[in-house]
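Structures given as structure tokens follow.
Next come two complexes built around chain A: one with chain B, the other with chain C.
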Partner chain A sequence: MLFAAIAMQKKVYFRGTWLPWLLVAPQLIITGVFFMWPAVQAVMQSTQLPDPFGLSSQYVGMENFQFLLNDSTYLESFATTALFSVSVTLMAMVPALFFAVLADSVIKGSGLYRTFLIWPYAVAPAIAGIVWLFMFNPSIGVASYYLKFLGVKWNHVLDGDQAMLLVVLAAAWKQVSYNFLFFLAGLQAIPKSLIEAATIDGASPWHRFRTITLPLLSPTTFFLLVVNIIYAFFDTFGVIHTITLGGPERDTSILVYKVFADGFVGQDLGSSAAQSVILMVLVGALTVVQFRYIEKKVHY
Partner chain B sequence: MAIVGRHPWRTATVHILLILGIVLLCFPLYLTFVGSTLTRQEVLQVPMSLMPGDQFLENYKRALFRGTNAPVLGMLWNSLVMAMGIAIGKIVISLLSAYAIVYFRFPFRMLCFWTIFMTLMLPVEVRILPTYEIAAKLGLLNSYTGLILPLIASATATFLFRQFFMTVPDELVEAARMDGAGPIRFFKDILLPLSRTNIAALFVILFIYGWNQFLWPLLITTDPSMNTIVMGIKQTVPQADDFADWPLTMATSVMAIIPPVLVVLLMQRLFIKGLVDSEK
Partner chain C sequence: MATIDLQNIRKSYGKNQVIHGVDASIADGELIVIVGPSGCGKSTLLRMVAGLEEVTEGELRIDGRRVNDEEPKDRDIAMVFQTYALYPHMSVFDNMAYGLKIMRLPKAEIRSRVEEAARMLSLSELLDRKPKALSGGQRQRVAMGRAIVRQPSVFLFDEPLSNLDALLRVQMRLEIKQLQRRLGVTSLYVTHDQVEAMTLADRLIVMNGGVADQVDEAMKVYERPATRFVASFIGSPGMNFLNKVPIASLPPNLDLPELAEQAQARQTIDLGIRPENLALCDPGEAQLTLRVLTVETLGADTLVHGHSELVQGHPEPMALRLVGTHRFEENSTLPLKADASHWHVFDCETGDRLN
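Right, the complex of A and B next:
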């Protein structure tokens, strides 16, 4: 079992009663104050309904959850999040794989290519949002100007589909670097002799890629799938907040954004807390999937 | 594909495609730089010039010392304090707790371990509202402590050091004990020097993570003088095109991007190691 493996300890160890406690204390205190306490608070608030003046609140059981699950805007937000994260994952992984295969095949300059392809990783999601907003600004953006010649009237402020496309592009853009790095490492770990043998047998490059490279790369691919979905779910708040503020009409309001919008802007504390709790369960599930992956790797 | 299946034209195509990819990937950043060197009128001219203008010094000076709500210089400083605080804080508390969990046996060791480990699951975005309320209750709004502390409650680093400590040979502890060295000496003289590369790699990743924070600073700093650059930039974005000062926004963006990019470029090896390690 993986969990047993994680909890494993050294056979040789030190004795001590107060020292180990002193060592874990800082981490435990911070975890307690900024993790356990807020988590408990979220669960408690999710079962309460504050009065309109915010002076007191009463216990309402599962009402906030029931309300959410019957709320069409919440269910829409689920659909929006699904569309957004699948698109971001695809847009970030497919080009990354393409460029990684290319970079892996060159003999000279692959290090230089790597340097140039990885640095957008360091750009914050919020800054990525600003940069793409500048390019696609409906009135002054360079991209929206040239799109006119292709017959596209770009206005993501009014057009929900265009808004979605823009936040997907901005969110996927910086993640390409990350995926590229992992795909390249995965490719470089594949023994060249396998591919050479297949070449001698007369397999075409595409055939070699499909039957040798891709299957051998599948652990990397699976790992990146999970990481990219987690990224799209939680780390893209800055992109949404700088480009669309969840609009137009909530068309780009993903779950994490809705927790913020309902809690801080809408001041609907009970609902926001219930949404937090649902998200915590979702993260938990995703983390278990991720551990499954580690477990697999441990047993290799 | 080193030996077989290599044609000169195919090699050329590969290089051209790679260069094309780099151009595509870097174009948004190039455009940002160009925007930061033009006058306000030049940016509003459609289509905008794709060549840098001559307002570089002017725009950057204006951003650094005046800005929109607060001078960028102060925001850069706040970002630096926050990023360093998060990186160093996380590394220190994680090293200590990982050491205790791996090298000691004590009551409730497993409980400690799981409590810390559980934080792996919850990004701050998920528990944002209650965390904010608690920070407010503790009087941490508009303070460096408030910017830093809640974000070092994560177990990634602890987990990483634990993994590394498990690979350190047991003989080292035995040898240290035979020489009469206690747990503190062992930690300081043997384990810490061995962990140097791991610490450096983690530092690179955590610095970028801290620098790029957006939502948390957005909530916790209401006073413009406490804004970090990544969150402060949002306020420079014009709501209406008539009042747009895009060159200022773009100059601020460039300055927000440079520090983490420099870290990635100058410490590429450590960066890659840190990235690969922290995702294991």
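Right, the complex of A and C next:
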């Protein structure tokens, strides 16, 4: 016997120590190699300034950070990111809630309806980006062709606002599916009798939605809010890289894109590392807020 | 205050008909209990009156007004759900005030109505609490309070006590009855519990497979059940049945009550007798005998379970209820008789009452 499970107890007691270590090793290795190591590396690199040829680097303390916080392009990127993530979150959550409410009341063919709504989630970000890029290509795109009839001159390659709109649409489109699933599950967890009770109390459908459904969905909504912000911050890299490359100028260069552009295109590894450290802190803070808030406020 | 009229009410889901034409008229201030086993359509019937289910066919009138196509809010009803359906994110006060706010009553009026109801239900101390901080019985009261404050002309109860423990159920049953008497509001009450039904109801609607088998006062339903189903469903322990008894082979000293004309041609009948209507007697005048299997002494009375043979070679399970405490040996044989008026006679095929 490798281990002795004590009868009537759920806990498993191991006699040796090597088996339990072996069992958790895959998780530890993955976390170590793909998270801890790069994170430590980033923190170390953020205090270094490499020479132009990347052959040596010198310790500069917090200078990379000081430089960043005084750099107007970095602060602009913050503003771009804020606009981008708020837009993506709204565009991904509001339609998702709308679809979920509709799907919740569909009885016939609900499986088909749901499958179609979930599909975009299975599309890789880069491929989603390419699809939207083709549709909105200023010279050959289907969407830009029809927009011309509406009097809209579409050229996201030159127009920064249009470029932003396009990446927001593409990024949100992918995330709607995810939000839809959670909203649908949340809606189905609300007992039908509550809605019926409100109906008998004389509440109109809109009033019921506002005073019963929405408050009872608030834990789901808050969870999705944080997940969507994190998504907009990080996972949209592929979409931006395929559609706009952060341009025109730097109009769609969000923080995570700037990390890549400065580090791997601009070869400024020290600044790039400092930027990723700042991002890490931001996400850490978001996560803390999420757990704190979810535990305390969004309960009913 | 209102009357409710059900005229040939039917309900189908697609081609599947679940309620096959129910007729009943409920007087102003009456407390009517719809009782039946699960799946008999009693909740569906109630939900149709509430407006939560569409009426497929028939006329539904509240206070003489046809309400088939009216929204629940226009029917002037209030409903108490089995799960209470309290809004979990609102305080007790807000739960009760929800409907009043929608009616756009003045704030002072809302406050006084809620406080009045809270006093009636001894909830005054709990108005600021959320439902999850209440016990089952308290939640049940809040659900009642929410119905009361709206001062509707009809109360609908959908198994309101079935989530409570046995002791609380008995207590709340009494309270509901007293409250309904005090307020005098016409009420429809659905339950599967026949004791609850008997104790609460002015009149019963006994449902069986989507049909109202009998609509009558509780004691009449008990004493003269219209069908074999009603006879078996109402009363605990249930009525004893002797199945397919050939009339010719009945013991000579068993006088049957007078049968309806169409019944006299029949060769065989189903006989029913309630456990408390059987009495011990001298062996000489016994109509039937009971072989004792188990004896349950409950203090106030004694239940004897066993087998009886009315007709040779035709044993049937039978229960006997005697007042007080009695002791019998297992396998002993008890001579029994019953009054002619206590025998119930049913058709073997249709289950309809024949006497």
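Heads up, the rule we're going with is that the second predicted complex is superposed on the first by the 267 of 300 C-alpha atoms of A that agree within 3 Å, B and C clash if a C-alpha of one lies under 4 Å from a C-alpha of the other, contacts with A are read in each partner's own complex, and residues count from 1 in each chain.
In the analysis below, a residue touches a chain if its C-beta (ideal position, glycine included) is under 8 Å from a C-beta of that chain, and two chains touch if they have at least 3 such contacts.
Fair warning: this is a prediction, and the values are worked out from it, not measured in the lab.
When the two complexes are overlaid on their common chain A, residue A:G16 makes contact with chain B while staying clear of chain C.
By the document's definition of touching, neither partner reaches A:M62: not chain B, not chain C.
Within the superposed three-chain arrangement, the count of touched residues of chain A is higher for B, of the candidates chain B and chain C. Look at A:L216: by the touch rule set out above, it reaches chain C but stays clear of chain B. In the superposition on chain A, A:A42 makes contact with chain B only, while chain C stays out of contact range.
Contact with chain B, but none with chain C, is seen for A:V131 once the two complexes are overlaid on the shared chain. When both complexes are overlaid on chain A, the residue A:L194 reaches chain C alone and has no touch with chain B.
Applying the stated contact rule after C-alpha superposition, one finds that A:G263 touches chain B and leaves chain C untouched. Once the two complexes are overlaid on the shared chain, A:V152 sits clear of chain B and of chain C alike. Contacts of A:H207 after superposition: chain C is touched, whereas chain B is not reached.
Overlap of the chain B and chain C interfaces on chain A comprises residues 196, 199-200.
Here chain A touches chain C in the complex through residues 191, 193-194, 196-203, 207, 211-212, 215-216, 300, going by the rule given at the top. Note for the complex: chain B touches chain A at residues 1-5, 11, 14-15, 17-18, 21-22, 25-26, 28-29, 31-32, 35, 43-44, 46-48, 50, 92-94, 96-97, 99-106, 109-110, 112-113, 115-123, 125-131, 133-135, 138, 149-150, 152-153, 155, 158, 165-166, 170, 173-174, 182-184, 186, 208, 211-215, 218-219, 230-231, 233-234, 237, 241, 244, 246, 249-250, 253, 256-257, 260-261, 263-265, 268, 271-272, 275-276, 279-280.
The residues of chain C lying in touch with chain A in their complex are 50-52, 71-73, 77-79, 81-83, 85, 87-89, 98-99, 102-103, 130, 146, 150.
Those residues of chain A that touch chain B in the shared complex are 6-17, 19-21, 23-24, 26-28, 30-39, 41-42, 45, 95, 98-99, 102-103, 105-107, 109, 113, 115-128, 130-135, 137, 139-140, 142, 145-146, 173, 176-178, 181-182, 185, 192, 195-196, 199-200, 205, 223, 227, 234-235, 237-238, 241-242, 256, 259-260, 263-264, 269, 272-273, 276, 279-280, 283-284, 287, 294, 297.
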